[in-house]
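The structure is given below, and queries will be raised subsequently.
Here the chain labels run A, B, C and D in written order, and each chain numbers its own residues starting at 1.
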């Protein structure tokens, strides 16, 4: 095992560094992982740029990264289901307390949860990282490390579509064709949606949506009226969507989501915008259009692995850029510029394969 | 059968009249009812004062009233389950088309539904009224006409608590102690809520809430901070409510509802305010507090009758005033002034009993 | 319009006849249809062979057929959403009363429902047939009449998978690869099942299952132990199914279904066998494996049409034989012998296309 | 702290002993409890009489008891939410592994769960007992130790009614008026059931049911026809139950449960009988009467405490006998004879109060 542990660390707004940290020692219920592939998320870039997201503030240097897969190199004394050499995907949220949320199966809502790269908890964009073995999931041979890393954003899409109740024959509107909108599209299709329409400001992103299976695309222009956009959605579909998955966080897009959704349907809020939002709440209420938030995910890794292994969902096209860990700053700059969809960092010097 | 059909008719904003209308003839699937007790609803007063609610505009004279019970005096040729003499409660919404909403069991969302005293459909505050027999429910001997009339507002409470998922041990916040807040309180208790706290501006209304079983009351003052009010709710309960039922429609109260509700819980919007509303949407989203509207009700009459007949819910204290139909204008003025809770009009000259 | 109405009529056990009946006249809410394609169901054959299914006894001559599609040739006076010339699929069950089941959205459970070819109600294997317009669904141009007819068995699969809660990543066991097992397979896959294993006695049927997308097949031999078969299912899958859809009605297969299903999972009973059944009920109870029946379907036609039109489900390979209506007796004999999967009768002399 | 730890230990069929065991030392996540009140369950008696229940066999001496409450006397180093002196109710099932069931909120189904007095795990009918602090729930001052102990059987009733979907206006049939039938009655009423009918062989038990709030009782005689009993239930209620909670485990009673339940309703199996059961499965299937098992409970203690503390459920009348721990053998003999409902053992020599 190498004695160095190169890591990508944010110190303060604008200050992102490649540093050498000690290799951690796993606790009895943990495993030590040699990291292989780690995707860059918009939140990683946000912590780098602004040093905070809402109430989560970087007060001491924090390793970034939470979309990750690696190989087990050391096993804690109490771990039974994993062995050295196992390839695993990492679920970054690990509940710390057995509170009501955990006991009820909604551990993502536990207020004291550990979460990679949410201050003050370190992430896993580094060479060696230790994690709760119960939240590492063995990958089958036919699922690559990069697919394993992509389970993290894919899980947001799964949780969103599950909370939305997407099912056979659902007509679905997805607002925003960023990484999250695109995984939601993949999942909605896999759950039986018959028609999916995707909106975005960017024609390139919509082209990607089309390639990934969107039935319709709608290009939005800043200043477009939300009610008018909703009408366009109805006209294109010849129907009103049962479900809208909002993946922009932009106020006008949330308004469109409400106006567009069929009575008795569901708007799922994935995108996160400003704290106070002005929306046509009465319109939603009197048509019993439910508004449901999504906070990360829970209980998604096993089903995601099943879908990837059976070939029912193909996330590979999402990876548009790859960099070795040593070029992490360049990789972050690429993500910051919004080029492509998903940038992957390759943390294993001896294996740069997907 | 009397040859006159005295009815309360709104003509235009501010113009409410007692008029004599012809007695209608029931269609094959209808029954003719001699009305007995009809409650006045805030919406009746609103149509009288403003001639409209949102997009529903009084364009031709409309009989008001939709909280009603009466006696069958004539039976359409195709009606099997009702007989002359039956005492019935009236469900005012009758779907006109067998559309997807009706087939799915959510007929309240059917856009073409008939609804008593929603323009252009006439209500039943009159002596004789005909209605779809399928939406008239026979009252057991131990349920009074007035209880039968009160099933209408009670149904709003049932639908709200059902959509909220109130269950054994639920901790519930109810915003507003008007008629709708109070029936929601009764229903929440009957469904197993362990603690219910009610808010209102008016100490008198909160006193009524206490008499009807509220465990705690919180007096709100105009200008109180929503976050502070949420904190007060937590302090009083020693816990966060699983469910909040918003029955004021006031923006600041909706904000309080969101801040107060426990992660993973539900805010049900019953109160209807202004079209655009500014709310802490991100706060709700990242804590997965679902926001669900309520539009009237469906499938509530049978369970309401079961609850009234078994004595599990007591709505009788809600009736604070009674007037004979001939004094309808005085009765409306009483409701307009916000005195008491529910004003009942007695439409049967020979029986003024509850 | 032709003056004759050739129809396939069962008179008594073993007595099936081609007869000429009068062309019916549609009521105000009905449409008259020129039938195009009608599939033969096991129940049709059963009425022919035995004159009864359970308590449903053929007491007077009954037209058979309930898997059907046709063209509107006459429109009742009150019908708004259909026009002469429209191609429609027919939902054979039409509730007669607005009872609690209908109002709740589970109209298939209404005890007084009309159902094609269930005594005493006539079916639609004939040239001209009238039906409630509300239960005729317009077919898009890219959905054939035969696909329209196949929506009936497909609906059984949809209702079964929906009651089972099949979702993303579900591991599914389907017992029996007859028409119903095969449509359940198609639907389970479309709803996101990651692995589906199908059992049957017949290797040919399992070959068909494989062609339609089954991931695994298990050939059952009469006398095989149910516990042993369950173990084989676990071995093949490397996991326990979340959901089992039982489509044989055979007692030993129902036992296998229970033993095989994962704790907390669901067994859906589609197959119908003998009235009393001996099963390992405690095994199911203490593992909270729910046992849910399926009685036909409700609210499936719109989503089925959406799936067929979008190409997400392909039912075409199910049709293995076609006969003109005039050769109906030969067609019934083919079904009776269990050759192929679905036999289609072509009722329109001028159009024998799918 | 006393140096002795008197415990009730089953050694082999028929061999139950009072023995002195060492006082255990709590692990970091555990608390040591001085036991106060422990109820005797039918399963405790069964292990004493037969040395086994199904596959669970007493192979080494086992302390019995799992309906228990006590006081914290020592706190493990990692425990935060409990202090010495706290009065707590004990949830006897503690999951050992963070498997799929635990993560999904259904930890009662975890196959490796620890459970008090299920071999080989020791129970808590003794003076001093250590338990996972996460599964000890603090009792409010107004809830007695005995009420705390009764939360265990009450939880079975809560889980049963919750799985049954009992709600406002539900009509409920409960088969069997033993301890489990009676707690199910209390819970069904608290969740809003409008009518509850209870069956039993014993008129005394039915008298108890009546005292606890049953609306109707039906005395069953051995040999009564199940279909006839179902008809009697319908006649008495004037309706079919939405929900049946089977608490006898007797085959004929399970048959009655199915015949009696309304189409679209639910039969919950709480009673556990012989491994193979013969039932009218088709009758259930074609009426979509779901059959759902109950295995203990999960996530019930907090809501049970809320109900007891708020006075919405009164379990006190269930305790019909009390014995000091020293007279445990006499207490067990009382339970074995089926006298009364619940026998309580008082384990604290200095406090024999409820």
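Everything below uses one rule, namely that contacts are C-beta pairs under 8 Å (C-beta built on N, C-alpha and C of every residue); 3 or more make two chains touch, one makes a residue touch a chain.
The structure displayed is predicted, hence computed values, not measured ones.
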A-B or B-D - the one linked by more C-beta pairs in contact: A-B
Chain copies touching (chain A, chain D) - same or different residues, decided at half shared: same
Chain A and chain B: spacing of chain centres that average the CA atoms, whole Å: 43
Chain centre separation in whole Å, for chain D relative to chain B (CA means): 40
Residues of chain D whose C-beta touches two or more other chains: 104, 106, 302
Contacting residues of chain D [partner chain C, same complex]: 54, 101, 104, 106, 108-109, 111, 163, 254, 263-264, 269, 272-295
Chain B partner contacts - residues on chain D that touch it in the complex: 158, 161-162, 167-169, 171, 187, 190-192, 194-195, 215, 302-304, 306-307, 309-310, 312
Sites on chain B touched by chain C in the complex: 98, 100, 103-107, 134, 298-299, 302
